[in-house]
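Paired with chain B in one complex and with chain C in the other, chain A is shared by the two complexes that follow.
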Partner chain A sequence: MDEAGNGGGNGVTKKFMYMNRKAPYGTVYALESLEVVLIAAAFEQDISVVFADDGVYQLMKGQDTEGIGMKNFSPAYAALGDYDINKIYIERESLEERGLSLDDLQALTWEDEDDDWKEKSSLHLVGRDELAALIAEQDIVLSF
Partner chain B sequence: MLHIVNKSPFERNALESCLRLAADGSAVLLIEDGVVAAASNTRFGGMLADGMKRDLKFFVLSHDAAARGLAPERLAPGVETVDYGGFVDLVTSHDTVQSWL
Partner chain C sequence: MPLQIDGKTYETDEEGYLANLGDWTPELATAMATADGAELEDNHWEVINFLREYYEEYQIAPAVRVLTKAIGKKLGKDKGNSKYLYELFPYGPAKQACKYAGLPKPTGCV
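Here is the complex of A and B:
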């Protein structure tokens, strides 16, 4: 994996992982995590975001919250690409045991400035072993 | 008796305990994060099917399912959707209600 660029600041770039494991709306974890990730994006760190266990429901297409009187915050995930957060990992086994596939999740993309601003997918389907290796290489893992 | 479960079976064992201890013929209403148990093809499909075999009736609060992207066609066969009015009807039509927290 590339070394993340340090945008001229004098800080040290660290590898941050945000681990999302809860379904949205039943608890406030999903929304809190999204807010923290968007804030963290301003600090030019090497960020990856994981959706595992019930966290995969956070990215479900077609969320309709009108009936529960809460804001549907799922469209905001599309903004992650604009902040160069494009390492979004979905655990394959979590999807499978829920009868879901990547097609059930909203598409998240980013534009690669080094490749003529080509639109690329930010979603990476990873197996348990691969995810374990990614977790092991982080400096900081924040759990939601 | 009406049993209400509001936790995901992937995260807590509330549904499992409920189904283990609910008498045959009881009603089970899934709300909040509990609705994910009503999705088709999950790891817990067999648990629901076993419950149906002993005449448990499963209901899911449609608004909570919709919020999590679970439209009616994504729900397991045999699970009935109810709206808030249906929730009230379930409560009033059963003598006792047990919430599994």
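Here is the complex of A and C:
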């Protein structure tokens, strides 16, 4: 087991991974996952978030939900950096299979306090094999 | 319980948060504060307006830790700390200020 990382207080820090695998609308999974991630962030856990399969559509730029009468919650992903969530993994094969690239996704950034608040990208493109290795490192994996 | 101000009725949830963001006016904020026995001054409005701008951009109400950090960045270190924010909003800065700002209760709010 890894030593607890940068968690504050006396609490236990665990490695949580949230897997997002479904399209953003049509089911409530994407929104529920986002809410759970934001709640977990309040408990200062070591969080990573994955977008794979149809989940990559959750980060698409320029979402317009007017026609389906649902709230467009995609702007909230840009707040993840404020919540110190900057390990966001996008599965390369999922993007390619859908004819997408990172340019089709909204840019997510965080500010590095230890580097003069420089803005850095939170998005990490990983292959299926790398993702499998990342999953194996986690204490807890939740799939949505 | 619906909120009644100047002969108009506004829907709220069971904790007093506005049901429709679009209903919000500064007068409503003042009325909600008065009902809690609080008075809103410039320092309160600074936070309330900040929250409304944050919601406009991200479509979520920030958790208190995020709010504290962001306020510090925007308004200075002397305001970006929980002591200052709890003095302004003793029921919890995220919770109480979000209510007056017409936002939903913050996700993961404590």
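Keep this in mind: the second predicted complex is superposed on the first by the 136 of 144 C-alpha atoms of A that agree within 3 Å, B and C clash if a C-alpha of one lies under 4 Å from a C-alpha of the other, contacts with A are read in each partner's own complex, and residues count from 1 in each chain.
By our rule, contacts are C-beta pairs under 8 Å (C-beta built on N, C-alpha and C of every residue); 3 or more make two chains touch, one makes a residue touch a chain.
Since the model is a prediction, treat every value here as computed from it, not as a measurement.
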Touching partner for A:L38 - first (chain B), second (chain C), both, neither: second
Partner chain in contact with A:T65 - chain B first, chain C second, else both or neither: first
Partner chain in contact with A:T27 - chain B first, chain C second, else both or neither: first
Of chain B and chain C, the chain that contacts the larger number of chain A residues: B
Which of chain B and chain C A:E97 touches, first, second, both or neither: first
Contacts of A:Y57 with chain B and chain C, given as first, second, both or neither: first
Partner chain in contact with A:A79 - chain B first, chain C second, else both or neither: second
Set of chain A residues, in rising order, touched by both chain B and chain C: 72
Residues of chain C that touch chain A when the two form their complex: 57-60, 62-63, 65-66, 69-70, 107-108, 110
Touching residues on chain A, where the partner in the complex is chain B: 22-27, 53-54, 57, 60-68, 70, 72, 97-99, 104
Residue ranges of chain A touching chain C (in the complex, touch as defined): 35, 38-42, 71-73, 75-76, 78-79, 82-83
List of chain B residues in touch with chain A within their complex: 6-8, 10-11, 32-33, 36, 39-43, 45, 62-64, 66-71, 83-84
